[in-house]
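Written below as structure tokens is the structure these notes are about.
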Amino acid sequence: MKKVTIFGLSFSLPLLLWQLLFFAFPLFFLVALSFWVVENYRMVPDFDGVNWTKMFGRDVFWDTYLRTLALAAGASVLVSILAFPCSYGIAFKLSANLRRLAIFLMIIPFFTSYLVRVYSWQIFLSDNGIFNAAFGLLGMGPYTMLNTDFGTMVGYLTLCLPLVVLLQVFGLMFVDRTLIEAAHNLRCGRLRTVFLVVIPSARVGLVIAALFCFILTFGDFVGPLYLGGGKPPTLSIMITDTTKAGQQWPRAAVIAIVMIATLLVVAFSAIGYAYRKRA
Amino acid sequence: MAESLVVFDNVEKRFGDTIAVDRMNLDIRKGEFLVIMGSSGCGKTTTLRMLAGLDAPTQGEIRLDGRRINDLATWRRDTPMVWQSLALFPFLDVLQNVEFGLKMRGMDRARRRGKAMEWLDRMGIAEFARRDISQLSGGQRQRVALARSLVTEPEILLLDEPLSSLDAHLKVRMQAILSNLQKELGITFVYVTHSQSEAFAMGDRIVIMSRGRIEQIGAPVEIYRTPHNHFVAEFLGSSNIFQGRMAPMDGGLLPIETGQGRFYVNASGAGGKQEGASTTFVVGNDRMVLSEEQPADARNVLEGRVIGEEFVGATVTIHIETDDGQEIRAQKSHDEIAHLNTDVSTRIFVSWLPESAYVLPGE
Amino acid sequence: MNRNWLIDWSLRAYVILALAFVFAPIAASFVFSFNADRFPSLPLGGFSLRWYEAIAEDPLVWEGLRNSVVVGICASLLSTALGFAAAYTDFRYRFFGKPLYLALALLPPTIPVVIMGLAMLAFLSRVSLSGEIHSVIISHVVMCSPFAMAIIRMRLSQMDPSLEAAAWNLGAGEWRAMFHVIVPFARPAIFAALFITMAVSFDEFAVAWFVSGLNETLPVRILGFLQGQVSPRINAIGTIVFLTTMTLVILAQVLLMSRSGGVDETPRRQEP
């Protein structure tokens, strides 16, 4: 059955062609686009590095880049840390049925609109919102939470927490339980067992979870814009502004390529770290 | 000799660098129950799959009724197979499973229903016709799989370890059913298994394969009594194997010098071998005689210690280790050893008659 | 063991806290969609359906809903068909460059939506396919087919591989075996994939916002509301959309559960 048949091709080719044409090609086209120039509000095909030099020459670009990088990296660490006790609890402290229920509940958010949830957080966080109303009853506040980095983080947490928990749970469920018992048996305390046995054994799952968190937050524009205020912007906000504002698509393409390059570097180093042989 | 149905002519099958079947020549006769036996990875399943058209030979030719079928697609052949997993369609009920082959051949609904029901009836499972596969027991599933393959009235039926998932009791019953079915239908069965008991219980002829090659073909008794070579003898495990060199004839008997001493075999077994030639002979486990005293008149005697016993039904196999470390097996009935002390470490004598030894022709 | 008991229960409490965080915005949007106040906060105002009435009277919402439904149906049909074909390819064939093939098939969800949006906009407008409803469909098929492929591939891995060979062996050609064996076996997963991809498409806003031009889908309309002033209409739409997608997801779940009895081997290893 080694032969290439019409039957085989009619199953293997459609998705290949579709993704080449409408996924791979558009991404490559972005690279070409970044060398085009805009003349009289019209894009003209060219091979000119002007967009690159213009963007790279601006301090605001680099400030935004570093800020986005810091926000995404911070979110990956923060979400991972906040998710871990929850994942640990689901993986080790719940009965099989409750665990299934918890996993199911963590899947539900994927099918709710992120936009609606972000708007809902506005209701919680705004100056006259639910939280400040509650604080007011206690005689505290009001605190400014909306349009701050705290707001951005709430958005990122909304976006990533369920996914990070799910990935961590799957990583933890593959940890051999006899290892944990063996550690206890060797008088390794509970907390030390978590750090010395559980986390190293589940490293792949934990790193992949953090990586997905980075990918999602690095590209998200809704959280930082509608909960974080959008000033100063992130790279994603910059792309949407640049694209929607006019014909400066080539410059948006430059930002997009820098983002993809960053994501590739981060993804490969994370995966390399996750699967690294122990020294 | 009966007519050939299938001929494997110098057939070779490679998967990348590994040779699964190595230049095989095999005639499968019309109406015979042929069993292909070997351990896993010996190429027996690949042989069957090539016959079914699921794998194509790398070299050589396979002929069915004299016609080359190397490149004939599976679905154009009439070589139904009973799978190890049975491969019953879980989304169809029993009747729909059985009529599948007829449907694919374009038979109209009423006729194929009728034929399928006929076969379900014949297999004694007509009452389950509208059940789901998951509602059937292991034995009932076997019957559905058989009916599904036979309903198209093929000349040949291929069976790939179909009984391996059944428990021992059910296995014996299914063996009888298969044997009878094959005799009644008069068609060819090609049955692949790693189980000796299945092979010897059902096969008209047995093919023993190892590492892609055929080691021996023959009737069960023939293979059992006169294994062709060391591999077959060892694979069957029913004989003790001795290696040595031929010495000059001595009083109508042929002496063979081995590491354990000089043993005598009947001269007729020499098979034209020259004096001094290296040779291997076997003695069936059940031909070994045990005694506590050194037997006075025996020509072939070994002394050793009992290292263990193995009970299989009415017989006991006693494992004995000689002083130079060879293991000897003797299979006896309980009565035969009632008077013997066979506790572990007891010293014991093993002897056999020259006519019980058989010189392997293939060594 | 008192300390262990405490730790166990605080971990369980933490799980509930995390779920509370996840569900707080969903619950709030449900509650506030019935709240009469213009600026939602505590204490609650009176019960009112005014936001539902407001969206019911908004022609843009209706148009968005119509567009979303059209996009959702087309994208789910197309991406399930493509995903099925790719899943079967991965199930059956080995070929040179297969890892690359799989990467191409599964990678789209890892690309940030903003970049996908920009790339699709730039490319589609270049080939004059942008700003129409089919631009959204094309993009959503790119983003949804990996999900369809994953769901159907998982189902196929439960299949006894000799099932297809058994069909050939019984005289079914490859195409007939496909429609008599593979498709019936994968049917529950195919329906699940249809519902899940529809749900994904129904919620997707970023790429749709980039490429849809004037043919806004419902989530793009919500984005429009967000950009305008805070409006509880979002809560009303969100509640309706949530109930719709949850219905689809639960339908998919029920289908996967009820028909997965077709696995004829012993139940798979339970999770440890």
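Each chain carries a letter (A, B and C) given by its place in the written order, and its residues are counted from 1.
Criterion: a residue touches a chain if its C-beta (ideal position, glycine included) is under 8 Å from a C-beta of that chain, and two chains touch if they have at least 3 such contacts.
Quick caveat, the model's predicted, so the values are computed rather than measured.
Per-chain Cα mean versus the mean over all protein Cα atoms: which chain has them closest together?
Nearest to the common C-alpha centre lies chain C.
Count the C-beta pairs in contact for every pair of chains, then give the pair with the highest total.
Result: the chain pair A-C has the most contacts.
Roughly how many whole angstrom separate the Cα centroids of chain A and chain B?
Centre separation, chain A to chain B: 60 Å.
Starting from the mean Cα coordinates of chain B and chain C, work out the distance between those two points in Å.
Centres of chain B and chain C (C-alpha means) sit 55 Å apart.
Per the centroid of Cα atoms for each chain, what is the distance between chain A and chain C, given in Å?
Computed value for the inter-centroid distance: 18 Å.
Enumerate the residues of chain B that touch no fewer than two other chains.
In chain B, residues 54 touch at least two other chains, as defined above.
Two or more other chains in contact with one residue: find those residues in chain A.
Nothing qualifies.
Can you pull out the residues of chain C that are in contact with at least two other chains?
174 - these are the residues of chain C that touch more than one other chain.
Would you mind writing out the residues of chain B in touch with chain C in their complex?
Of all residues in chain B, those touching chain C are 52-54, 73-75, 78-81, 83-92, 100-101, 104-105, 133-134, 148-149, 152.
Touching residues of chain C toward chain B in the complex: what are they?
These residues of chain C touch chain B: 160, 162-163, 165-174, 176-177, 180-181, 184-185, 187, 261-265.
Help me check something: in the complex, which residues belonging to chain C touch chain A?
That would be residues 4, 7-8, 11-12, 14-15, 17-19, 21-26, 28-29, 32, 39-43, 81-83, 85-86, 88-89, 92-93, 95, 101, 104-105, 107-108, 110-115, 117-124, 126, 138-139, 141-142, 145, 149, 174-175, 178, 199, 203, 205-206, 210, 219, 222-223, 225-226, 230, 234-235, 237-238, 241-242, 245-246, 248-249, 270-272 of chain C.
Under the touch definition given earlier, write down the residues of chain A that touch chain C in their complex.
5, 7-8, 10-12, 14-16, 18-20, 22-27, 29-30, 33, 82-83, 85-86, 88-90, 92-94, 96, 99, 102, 105-106, 108-109, 111-124, 126, 128-130, 133-134, 157-158, 161-162, 165, 173, 177, 190, 212, 215-216, 218-222, 226, 236, 239-240, 243, 249, 252-253, 256, 259-260, 263, 267
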